[in-house]
Structures are given as C-alpha cells and as structure tokens.
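In the part that follows, the structures are each spelled out as structure tokens.
Note that subunit A is present in both complexes that follow, paired respectively with subunit B and with subunit C.
Up next, the complex of A and B:
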C-alpha cells in the first residue's frame, strides 16, 4: 500500500525526468550531427598527433638538455644555452647545410630536366613503352647500400670503369671521390642516376593525362613542337612537376646512405651533409641533446625551404 | 653403520651431485658480434665449443655499422637479449662507466686472465675509482676476441729486408721501378681511418693527444713538435710514395692495392693478413711478409690498439651470466686459442702467438704481432673520445689533402680539443701554437 502511494505521488516527477532525459538525448544527437565529421575523424587525428607531436615534444625537450645514459637511468641536465652557443659556432654544421642545399637544388633540377626529357621521349613511343617504363624502374628498386658500393667501385681510380674510360679517352686518372673539387659532383651524379626514373614516372603519368583535344587544337592552330611544349604542355604539367619536385627535394634533403658509403663526408668536409652530420653527433659522439637541437634546426630548414617553394608556387598560380 | 661408512656415503652422494651438476649443460647463450674478417674463426670456435661442452650458443652477427646501436639498445633495457656483446675499444668506456656490463669476477670470484693473455693496454679492466680502463686497481670486465693492432705488410720480392725505420721505408720509396705502381699506401680517409693509422706514427715520434689523461691532466699536446714531425712524415710518405688523392683511401682500398700487386708495403691491422694468402682474392700469395711498424731512426717502435672486447651485460639473469662466463673461460684456454688461430681468428694468447704454430709459414704474422702487443697503447679512452676522434680525423685529413698546412691543422685541432675539454669540465691547457 505504502509503495502504491509512493508510486502515485512520484508520477509527475517521473514524467519531468523522462522529458529531461529525452531532451538531453536530442541535444547529444544534435551535437553529434553538427560535429559528425569532427567526431569521426578524431580517433585517427589523435593517433597521428600522438605519433608525430609527442616525439616532436620529446625532441624539443632533449634539445635543451645534456643527456647521459647509465644503468641507473637517464641523466638530464639543462643545457639549452650551451647547445645553442655550440650550434652558432659549429662551422661543420653550417658547411653541411651549404653542401646539402647545393646537393638538393642541383640534383633535383638535374633529375627534373632529365626526367622530363625522357618522359617526353617515352610519350611519343608507340611500341615497347611498357618495357621502357619497367627498365626505368630498376635504379629505384636497387637498395641504396648496393648503389653506394657499386658506384664506389666504378669510381675507384685504380680499378673502376669510370677511371678506366676517362683514362682511355683523356689520358687522365680521374679520382672523383678523392678530390675535394669533384667529390660532391660525384655523389650528385649517383643521386641523379638513382632518382631520375622517379621523376620520369611521375611526369610521364602527367603527360599521359593531358587532354588530347587541347593538343590537337594547338596542332590545328599551327604551333610547332617547342611552342606546344612552352605554352601548352609545361603549364598544364605544372602540378605534376611541382609534386615531383617537392617529393624529390624532401628525399634529397634526407640523403644519407649513398654519401655515407661513398665518402663518409670527406675528403675534408666536401661532401658533409646534414643527415650525415646529425648521425655522427647523435650516434658516434653519443651527444643526444646537441644532436636533438641539430635535428630540430634541420627540420626547420626543410620546412622553410618547402614554404618558400609553396609561396613561389602560389605566386606562379596567381600569375 | 659406522661413522666412517656414513661419511663415505655422504661424500659419495655429494660427489655424484656435484658431477651431475657439472654434466648438466649450461643455459643457452646469445652473442652479438660484428662480421669482421676474423669472424669465420670465431664462428668455427663456437661450433667447437658446442661440440666439446654440449652448451648451445646462438650468434647474432651484424655488420660493423649496426653493432653499436644494437649493443646500446640491448644493455639499456631492464632485460637484455644478448649474454655477450662484442664492443670496439672506441665504445667500451661508455659501457664500463655506465655500469652496463657485469664485472667478470662478480660472476666467478676466482676468475682472472692468464699472464699470457693480451689485455690490450689494460682495456679488459675497469678502475671504478679512477673511471679509467686499467689493470692496476681495476676489475676484469671483458675478454678480447681480437686485440688488433697494426703490422707492416711488405712484398718480399720487392723489398730485400724488412724496413726497420721510416728512413728505410723512404729509401724503398725512392727506388721506384718494376711492375709495382706504388711503394707505400697510407690510410687517409677522414675520421677514424686516418686518426687510427696516424696514431702509430705519432706515438713512435713520442707525440700524444693529451698530457696525462689517466691521472686527470687533459692538457692538449696534439700540436707538439713531435706530432708535427710525425704528420710531416705521414704526408711525405703519402705524397711521394703513395697513390694520388690519399685523402679517400681507407682500409679496403689499402688491402686492394696490396692483394692486386699494386703496392709494395702498407701498415694495416693484423686482421687483414688472411686475405694476403687467399688465392681467390690475392695475386701476391706467399709474397707478403710482416714486421712491426717502423720507427724513427732515433725512436722506438710504437703502435695503437684497435681492440675488440666481449662483455657480459648486467641485465641478463644470473644463470645466463654463468653460461656466458663458461664460454669466456673456454675461449682463453690455449687449446681453444690454437684452434681459433687455425680457423682464421686472431688469438690473444702469447703462448699460442709465440708457440710452435708461429713457426709455420701460414702464421708468419704471429711473432711480429706478439712483439707489437707488448708496447701498443690505447688512446682516447674517455667520454669525449668519439668527438675528439672526429676533430683529429678531419684536421689530419685536411692536412693530407692540402686544405690546411701542418701547423694550421695541428693548432686548429688542439684548440678544438681544448674547447671540448673545457666544455666537459676537465683540467686542461694548451701548448703554444706551432709556427
């Protein structure tokens, strides 16, 4: 009886509660509808952030410290000012930056030009285009370690095929890796050999995607081959060129294995590049704090380079 | 039962228990090692150890380039995969000072190295108080599978008697002719290659990098007149007697020059000797002999160690440490050392290096190696060692390729080394610059 009474007296409050609950559900559903995209993308975004931002934060923390490992744990002592001062006076790092910029710009431009020429030639082929495309893939498929050893042998001034051929033609024993004036050129040549096919493949795909009608119209308007290339093909191919250039620039900034195997940065510092120098500081000298600072500065330099390229690209788009 | 019977019975039980324990195979162990030219000998020795003892050993053999990081990762965690790690002399202090390795006497308090075992200038020991690798006051930390110092390789069909002094070497250089292109090949590539090779010359002229590092005096002496004389000789030999562009020549190229018959002589580490008599690799089989690295006319023979050390990580269970210890004890026995040498390894037992094996033509490198092992030194055995090696390796290379004069190279290197010591808080100083 008592329970019935209680039940009866509770009815109006229950209705209010039900109504409040229902409005809450509606609000949540509304919220879900309004932020559907954000909510569904959040897990992936969080995962990516944790995999990129967390290591970056750790790198920043390391950059301001001197770090020593012992069996009792990791010892960190604050050393940001010391590390920055050291970087400012670290002439090898700045020389490595200069070498890297020369390497990136020269090799990427050479690969772009060669890749474009080859792609234009391949586009005109009516037969065996597939075979050419497959053959062009070979240098990309060879591991950089094998490439380093292969070219080191080819460049060898006593036993190498390149030195032999130059000797036969010019009567000079050429030691490209042993001379400070030619060592950087020698590693650029290897990079161009390795990565021109990458440019070729991207640009060939771009060329094959160009609308046939525009080409035919330019034909009918009497444009010659050079004019078609200058005024039709290159402007329309620009997005593919930009993508290929950016990808290769990033790859060239990271060059390590080829130079490590071919010259280890020598003779002198003529082929020292950023990745190689950061590796030496991090892993050979075991200076994790200073190595982290060098890594951060290197990341900033690569981002600046790409930002400059992006701005230039936008301006070109505006033109 | 009488007391005597009971005693006898108990003793018999105890004895059988001990025998049973001894007969049990030790825990399987895993060794991290580099695939250097002497690796074949080590692999053969491990097979013999397994056959002799019934114990199991797994080997993780990696190229030299990947060894350090693998070893660091293995010892830094709470538990390690490797029961023995092989470490270069350039890295070993980091592992000793960081307490990453177990002193061998902590595992077996009765253990000691035999007097006949090469200890590579004390690098097998760690003096915790001085934080320095030295036998005096130190505890045994590792065993060397190859102590590795230089030998002077020379062509017996081109050079009548082994060169004793640098003047003898220069004489052979000036008497050019015949089918051999170069008289001497020197290691000139930047970094460790030139630093390591030049150290022998520097020591033979009485030069040094720092004054008395084991006793805390890090005054930089790298721009002394002695080091200058050594570098002048090094450049002279490279320029007058060797191939062009010596600044890119590393050990691989030096071996190539010798085995292809293009060079008369070179100072290379002992581990390369096996390639000289290999008919599949060498055009000069039986024509190369060995002596100790020459000395100045008024100086003494000196050399530098590039040794390897096998240590037992602190983060492996006690049973596996004991099993690793069994292997190390086996390795230093004369029988194992003899077998190791016959299989292509470089033994560290002087009993073997100076014993009957050394009389054989195949092992003609043993006696000069044993001789060099008595005076060879360790260098750069402190935490800044790797960074200083980079400095010296660059400046010497620049002097060799003509980018810097000898004086400038040594003065610059000395100043940079001094800066490093100042930064790390060492008691240091500088000599007046060379002029």
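Up next, the complex of A and C:
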C-alpha cells in the first residue's frame, strides 16, 4: 500500500540508480550506504568525545594539580591534598553553595506558583491566548546579559524605576543591589521575571493536554472549581509540574550571566553563586587546578540531584 | 466550558497584569535609550526622544559595536549550520538505525548530563586545550564550543522529529531501489524540516545570547555582543543611555525571529523541557 504510494510520486535520485551499475561511483556509494549508520553518528560522537568527555577527564587530572603558566607553557605540580584541604576550609565556596540553593529553591517555587496561576487564568481564553504566548516568549529569548543590564538600570538608586516606586510606596530610596540584606532578593526577582513565562508556557501546554471529558464529567458531578483544581487538575498535571520544576531548577543552578552583570556576587559575598565563584577561581585568580576541583564537586551535586529525581520517577512508575 | 463573567474578569485581570509586568521593563529601557543623560537622571517625563545613544553605540569613534555584532553573527550562523549538519544525522542514526540499548543509553544519558551541568565547569579545560592547539581567542574555537553546547537539544528535537515519520515511507523507497542514504536525504530530511527549523532557531538564539563561554575564550577583537555589552557596562558605568541602547539593540534578532518563527520556537522549547 505504502509502496505503491511512494513509487507513484517518483522520488528524485531514487529511481535511476540501477542503470549505472558497477561503476566506481556505485561502489563508493555502496560502501557509504553500508556504513551509513556509523557515518551519520560519527561526527557527533567525535565532537562529544573531544569537547565534553575528554575535558571532563581532564578536569579530574587538573583537580589534583597546581597549574602555572610559564614561558615554556603549562607547568603542573601535584597538589591534590592541598586542593582538598583548601576546599574544606573555603567558606566562600560553601557560602556560594548556600546562596545558590536559596536562589534555586525560592525562584523556582515562585516561578512555579505564578506560572500555574497564570496558566489557569489564560487557559480558557480563546483569542487572547496566542498573543499572550508570543509576548511571554520575549524574556526567554533575549540575551540574559541584556536582561541583567536592563534590571541594573531599573534598580539604580538615582533614577531607576524600581527605586522610584519603592520610594513612592515606602518613602525610602533603596539601593537594592547595593545592600547585603536585599541583594539576593533583588537577583531572585529578576530570575522570577525572566523565567515565570517559561513555566507558564510549559504548564499551559500541560493543561491543554488534559482530556476535556474528565473536566466535563467532574462539572456534571457537581464539583466546584476549587475541588476540580485540587482533585483533578493538579493530580493530572503533576508529571508536567515535576518535569518543569526539575528543568527550571537546574537552569537556575547554572545562573551566571545576570548575576555577573547585576552584582558580580557582591556586596561582599551576599550574591556569590557557584558558577560565578568557579569562574573567579578559574579566570580571575588563575587557579585552574583548584577551580577544576570546585567544578567536579559542582558537577557531582548536579548529577546526584538528577539521580534522585530519576529514582523518584521510577518509584512513581507512570511518569 | 464557559466561565462566569466575574471569573472571566478575574482571569483577564491576572493575565493582563502579568503581561504588563513582563513588558514594562522593556518599555522603560527603550525610554531610557531614547533620552539625554540629563533627562535620564531627572527622570523627565514626558521627554523628547533622541537617537543620540544609538548613534554613539553604533557609529561612535571608540565603538566597535558593529564589528562585535559581525562576530556574533558569524559565530551564530556557523555554529547553527554545523550543529544541524552534525546533530540531524546523529539523531537519525539513533532513532532509525539499530544501535544497542547500551550505546544509545550511554550516548543520550551523557548528553543529558552535559546539558545539565553549568558550562562554566568545562570552560577551564577548554581554555587549556584551546591554548594548546591555537584555538584560544579565535571565532573557530567559540563556534566549536557553541556547537557542542547546542548538540544535545538538537539531537533530542531531531530524534522526536524522525520518530514521528512512519517507517513504511523508507521501506517503500528501499523496495523501489532507493539507497538508505538517499532515502535519508531525499525523503526523511525534508519531512523533518519543522524540527530542523526549531532546532536551528533555538541554536542561533542561544549562540547569540551566550555569555560565559565567550567571556573566557575571547579577547577584545573576538568579543561577541554579550561580552561587549558586559565590558561596556564595566567601563562606562555612568553612560546609562548608551548601555540601554546597546541592550535594546542586542534584543533585535530575538524579537525578529520570535515573530516569524514563534510556532517552531514554542514547540522546541516545550518539547525540550519535557524530554
């Protein structure tokens, strides 16, 4: 059935090959064809091996060394114990880890709740939904550096719109990025602004995927909208919520660009996060060996988070 | 299901308010970019819009913005072309040709892990490697890193695009004497075009926005737009109008692509998240 269908719509390049049998070209093509499975995956595999697997192994090698740049090139001296000892006493790293966790949990939860409320509100709209979707894409797609820059101007205590609004409401000129007590909150607000639309889009797609019959049945059964949300919509949406949460929390864990622009980790260490600190150790202090150790610990944290999620997923079964 | 009028109003209010808070920062920043410094500092409103900031950013004597935009464009376009050229066949191989369970689990599992770890952790080794082989501070080196960073998402998007194509199409073509490879180029690839467009758009936008890698593997003459903006912000803390103008300019590709390709982008983003 399908075969007749295709042969009638003569596919260019497919029909004429029997005529040119046993020429050298055909032999090369035959060879190409026989190894096509390998040929198609080889470039990707090579690239991944050379630019991700090899560097990951290199990280392990680097972590046990002290690396210095001399005129003859790179000089490595063994320093594993020294690096580990330093990590154990490096309070800035642990503070950065704490800041990162606070940042990840607070911003992801806020994005989830706001995104869900917004998705529930937008779900029933018919004509407006398309334009809402389009506009919500803007923060996701523009360069994070531009977002950082933009919010830095908005937070500016002299003329920034946020400082102005806070002044109008509370009567104080706040420098939110410049004060240790508000800086972390300020960068969390930027992240929530940046990524709530993403949560909204994922959850809206999830909501639209729910079977309409169940909704109608529950309506006929006399469930009010809160009951429907609690006992039907949320349980059915749960897989989408879990995936969105994990996805976004890992994205938040990588945060670098905005904080680099907004505060560079300051004032003091109040917004220092893991990526930023690893960057500083690598490229400002030029301590490639110790930076590699920090990288490995950071990678281990991400991997164990992923593993825990995977196991939880398996336990739940369906997901 | 129809909402009661009161509920409908509430829903509209929630959505409207959210849209406003998403858009307000953009409107404000565009406003700042069109003001003289003195109007910015006094918060003048209404004000007479001027293009002086854009002129200085684009054509100022000490400004290399256009050259950096050129770098960004070169890196974005070539890394996108390469990632499609490498990623689409790989996705085809994994989705359509028989690989052992172990191999595909390892391959896809590793790309997932690589996609999830902060890129900054691998920039140290990249820096060492690129210095050694002469790719440090070259656009080629940056292109390679952007290709590998975009590879996981491209492979996943293309795999689901290929998996949606019925197997019979290829079988029929082979029965008709078509080569497996020809069938891939002539039949499968055109059918996977929507996936290709989505992956391409997302890769380009990522590359255009990418900051942490470019920051550490480039210097002055190979800067891309994000690095240029960040260094500009560091050097000229007080030139608020020009910083605003540079930020506004950097969002142009995203805004254009969003309006033309939003269907693909939306599909790609949500599919990428659900994987």
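Quick notes
The working rule: the second predicted complex is superposed on the first by the 252 of 319 C-alpha atoms of A that agree within 3 Å, B and C clash if a C-alpha of one lies under 4 Å from a C-alpha of the other, contacts with A are read in each partner's own complex, and residues count from 1 in each chain.
As a working rule, contacts are C-beta pairs under 8 Å (C-beta built on N, C-alpha and C of every residue); 3 or more make two chains touch, one makes a residue touch a chain.
Note that the structure is predicted; figures quoted are calculated from it, not measured.
In the superposition on chain A, A:40 makes contact with subunit C only, while subunit B stays out of contact range. Of the two partner chains placed by the overlay, only subunit C lies in contact with A:219; subunit B stays clear of it. Between subunit B and subunit C, it is C that contacts the larger number of residues in subunit A. Of the two partner chains placed by the overlay, only subunit C lies in contact with A:299; subunit B stays clear of it. Legend: residue contacts after superposition of the two complexes on their common chain; A:139 is shown touching subunit C, with no touch to subunit B. Common to the subunit B and subunit C interfaces on subunit A are residues 156, 158-159, 283. If you check the complex, the residues on subunit A that touch subunit C are 2-3, 5-7, 11-15, 17-18, 29, 32-33, 36-41, 43-45, 47-48, 51-56, 58-59, 62, 67, 73-74, 114, 117-118, 121-122, 124-125, 128, 132-146, 149-154, 156, 158-159, 161, 164, 193, 196-198, 200-202, 205, 215-216, 219, 225, 240, 243-244, 247, 250, 253-254, 256-257, 260-261, 274-275, 278-279, 282-283, 288, 291-292, 295-296, 298-299, 302-303, 306.
Those residues of subunit B that touch subunit A in the shared complex are 68-69, 72, 75-76, 94, 97-100, 181, 189-191, 243-249, 253, 256-257, 260, 262, 314-315, 386-387, 390, 394, 397-398, 401, 403, 423. Across the complex, subunit C meets subunit A through its residues 1, 3, 7-8, 10-12, 14-15, 18-19, 21-26, 28-29, 32, 40-43, 85-87, 89-90, 92-94, 97-99, 107, 110-114, 116-129, 131-132, 144-145, 147-148, 151, 155, 166, 168-169, 171-173, 175-187, 205, 208-209, 211-212, 216, 225-226, 229-230, 233, 240, 243-244, 246-248, 250-251, 254-255, 257-259, 262, 265-266, 269-270, 273-274. Subunit A meets subunit B in the complex at residues 69-72, 82, 86, 92, 156-159, 173, 175, 177-180, 183, 263-269, 280, 283-287.
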